[in-house]
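Shared between the two complexes below is chain A, which pairs with chain B and chain C, respectively.
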Partner chain A sequence: MSKKPVKGEYIETDTGNKVSRRSQIIGTTNIILGGKTVIQAEVIIRGDLLRTYTSSNPGEKQGNPVAVAIGRYCFFSRGCELRPPGKLYKGQFSHYPLKIADHVFIGPGSIIEAALIGSHVNIGANCVVGKFAIIKDYVRILDGTVVPPNMVIPSFSIVAGRPGRVVGEIAEGEVDGMDLREVYREVRN
Partner chain B sequence: MTSFTPYTYFQCPCTESSLPTHRLSDSSPPAENESSDDERTFDPRAPRANYSLYPLEHLFYCEDCHQIRCPRCVLDEIVTWYCPNCLFEVPSSTVKAEGNRCTRSCFQCPICIAPLSVSSVEAPPSGLGAEIATQSGPFVLNCGYCSWSSKEIGIQFEKPNGIFGQLAKVKNGGGPILTAKERRKDREDRKRDFSGSSVSEIREETPEIDVPREPLDPNEKLDAESQFSNLRAFYQSQLADASPVSALGFTGDYGYGSPGALSRIMGLYTGSTAFDKKAKSKSGAMREARDALEGLQITPSSDEEALVKLHAEGWHTTSSCSQRAEFPNSQAQFIDDLRPVAYLLRTKRSKRCKTCRHILSKPESKVQTTRFRIRLVALNYIPSISLKPLSPPTSSSSSSSLLQPMRPVQFLLTFKNPLFDSVKVTLATPTKTPGRFASKVTVLCPQFEVGANTDAWEEALRENGSRSSTSEKRRTKADFLEGQHQAEAGKVWERGRNWVSVVVEVVPASLSFQGPEFLKTEERRQGEGDKEVREDEDVLEIPVFVRVEWEADSAHDEAGGLGASKEKEGKEKRELAYWCVLGVGRIARD
Partner chain C sequence: MSNKRQSMMPPAPKPPTSLSSSIVIAEHASLTGTKLIMIGSNTVIHPRAKLNSAYAPITIGSTCIISERSQIGILKEPEDEEEAEPVVIENGVVVEVGAIVEARRVGEGSVIEVNARIGKGAVLGKHCKIGPLCEVAEGEVLPDFTVIFGNGMRRIDNSGVEDLKMKMVARQVEVLRKLIPSNIAKFQ
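On to the complex of A and B.
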């Protein structure tokens, strides 16, 4: 935060998203932004990695396919990357949607291939969140953690290490501090 | 150089035996406190201090004791057991019966602890109709992190679910594991064959299974479970032989709990009574286990085996300490002795005050909800303290983020009041920080009032008026740059609705052991012997004693039950005093 970004760093959308002009958002039609989310420079969001495996569920309506769904008050720091996870299933390779709830902070340089990230999740700098990981609400992942593929992280966990393991619990008093509204307000053009 | 983030830790009073409250009552500025009082100063570097300092977020507040509570002075109570991998709740009766691990299909890699997933050994079906075809076995457990597979220890499964049950029946290498019942039967059958006499009357009536039995080997290698059950059976029979009559109160089982056995044991110490004689003659008949059938395992043979294996395959096939720690009952010396580790269950816990037993925190019992029914955190009761340099970082960061020795710096201490009553705050610091390198500390305004918190206001301010607060800040900043706004003794630097900032001036100590004699403190002269700056000794930490006083609506805590001495008009005086530690920064070494 030492250097103030030059005037007009962010494009502000109708729903209050602040998207850096220097971010790379690919496949925008397949990305949902809930609003008041900050996307910093050099962030990559791969909306182009769509699900190709045809769902056998006939009830599914054929609207715009979603690759990445993001809730409100999320913060994606410089250089992080969001990639929908992919796997071989019944002989067919396909990507699956990446869903991120509200108040999710992702640190600089982290790569996220989770299936689901709950609300009030703080992921540090230079982390790797492996394919199809599921992170529940109120979780903190410390800098440099590698969350292995398919790992489920229950609520109120602190995770660190390579591979990541639960190293502690979020204290009752820390819950309020994981709200990102204040962080959003402090982001100015 | 690693960056340093200023911090504030609070001391829980449960560890403090001598609170120097009297020192504060005279409301004199801390500069006037002389060294005679310094011995009472809380030393954040004392070895014990580590165990009593917490960030504010980790503390509770008991509304009945009107006191801070830390993780050491609360009691935990388990609300729910659940598996951290499948997130299924496990009833406590099941935990008692089956242990504290998930008994579904949740396993961790024995090599790297990452979660294991089940996959089929067969190639996935392809071509027409592949989507409706189901995967067929056999199945294995795979690690997505280090690529370990249960195939490596020769374990495969027939079904993709209920892995725990299936794994319990397979040895490494694929052989079957006998259950306790099967083992007992097997042992008795073998014994009968061995001795040639029948003990079938003791045996339980179980249908005969024609399992081809191996010839009896007194040096047979047993796994931990069968060794235990053999030993147990052996000692049971020894005890039964030792006391054929029930005169001593022995029953078929161990019988240690019976009064007869107890008096016999006591007799060993007191050396009296008739029991003694009997017992002595009996104990002569007891012997120890002799062979594998009786549970005796002689280790050298397995050691030789291990040596041969080591020779042939090398060190990299041995397991690490932490890997072995998952198998306390067996000597998993080699990687192929390791097995998938079932996930340990996790708990949701409520917390009670150790003193008055009132609940401080109670989560909803359901695994998937994150709400709390009760959550009395200190954050909502005592003012938070934040610290930042007073001068804008642009002017000082040019050199480094380190504090320059002997050069005064000013910091801004901001107190934010969470209460809906205004509070009076009194601060006291030692004039010199404790330790070998004493820095000088002066709080320019040690006494001030912080306004009440109000929810409605807050929201209103946040939605439209946030502009006004920023302009307010900008004005003071401008003043500062022009040199008009000077830090003045006895005056608050800046004030907001429910927060106040005051200035602390610090003269960091020099970390060199040379320097004029008069600058050295007593501790430093004593510590002259070791002339190294110890780990984190360069961190400037300031102990601050904080006293908060306020008048609370006693009606407020009517629900909370008993309050302190109630005064007229439904107001009561409250007071809370505690030590804090401010981590200011690292001092540059010269």
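On to the complex of A and C.
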């Protein structure tokens, strides 16, 4: 028997992020985690796919490059993937940052190439969110949905199908259940 | 990552490879198997992509993009005595995240999107597009410009923009070359 203390599944950062040791995070310097975010095993985050298009405006500040920005209390289930989308713009190919707000849940095996995901969004298992999709606040995407590229999903929608369509609305009373603070607290080593 | 425990098993033997010197292959890509893997010039292999030549050789053309978690090559042992047919991917093909390709031939400029699955022995014509989560059955033959989308619906794309798409793939490869550190030496 090894005398080493058994290492837990998660590494907890100063800001309270719980990151699985078995996650596959590439380009960590280009990823911002807002805090209290859970990243489970086998999640891939492609922080290396940086923006390469430089705007011709010299006045623009050149700060730290960001490929993936994630807010607070997000939950990334086992085997999902976050990948900044890429497109051809003015004859140059470039990736663009993937921004995720707070309380976003992403189900197991889903692949996300959106441009923007608002707060309190719940994405089910095995979904595919196409390139440059924009998902506003309080949206639920059911299991196995394929959100087509460039789709804009309005707030309080329920989306399902292949290709994804808005199939319903979230009633005001249902909004309370989309807070992820409790889910975060339940994740322990 | 250096203090990671080492596996007690000896590392799997490397497959014989013929890699062009201009390819970009990430260190965490995996090439396994026993038969020849050939990769043409300017092709990009993302990290965590799996190429398995255990049952049949794999040939990938030039200016292709093979994304993470995709699996190229025959996955299961062939049932009859015959040897499984080699997997050939022609030039300018994009294989996106999590796709499984066991096809006999994937035509030039085809796009295989997220989590799509191409069965054993299937033949895709040129400039085909297989949408996310769509499947092509074993041994199926698709004509050029076929698009599979939604729940397996099909149409023929006659928009005639295939040259532009090929150029876009080439541009994308140029960008990925800057972003993905390549480690060919590990696989040779």
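By definition in this document, the second predicted complex is superposed on the first by the 180 of 189 C-alpha atoms of A that agree within 3 Å, B and C clash if a C-alpha of one lies under 4 Å from a C-alpha of the other, contacts with A are read in each partner's own complex, and residues count from 1 in each chain.
To be clear about the criterion, a residue touches a chain if its C-beta (ideal position, glycine included) is under 8 Å from a C-beta of that chain, and two chains touch if they have at least 3 such contacts.
In this text the structure is predicted, and so the values were computed from the model without any measurement.
Annotation for the three-chain superposition on chain A: chain B and chain C fit side by side.
By the touch criterion stated above, A:Gly130 is placed in contact with chain B and with chain C alike. In the superposition on chain A, A:Gln24 contacts chain C only, with no contact to chain B. In the superposition on chain A, the chain among chain B and chain C reaching more residues of chain A is B. Shared-chain residue A:Leu50: touches chain C; no touch with chain B. In the superposition on chain A, A:Ile111 contacts chain C only, with no contact to chain B. Look at A:Pro163: by the touch rule set out above, it reaches both chain B and chain C. In the superposition on chain A, A:Tyr138 makes contact with chain B only, not with chain C. In the superposition on chain A, contact of A:Leu88 is made with both chain B and chain C. When both complexes are overlaid on chain A, the residue A:Asn64 reaches neither chain B nor chain C.
The superposed arrangement places chain B and chain C with a least CA-CA distance of 6 Å.
Contacts of chain A with chain B, set against its contacts with chain C after fitting on chain A, overlap at residues 88, 91-92, 130, 146, 163. Here chain A touches chain C in the complex through residues 24, 26, 44, 46, 48-50, 52, 81, 83, 86, 88, 91-95, 111, 126, 128, 130, 144, 146, 162-163, going by the rule given at the top. Across the complex, chain B is touched by residues 2, 56, 88, 90-92, 130-131, 136-138, 146, 148-157, 163, 165-166, 171-177, 185 of chain A. The part of chain B that touches chain A in the complex is made up of residues 56-60, 82, 84-87, 112-115, 117, 124-127, 130-131, 133, 143-146, 346, 351, 361, 367, 370, 372, 375, 377-379, 393, 397, 462, 466.
The residues of chain C lying in touch with chain A in their complex are 28, 47-48, 68-69, 97-98, 113-115, 131-133, 149-151, 168, 171-172, 174-175, 178-180.
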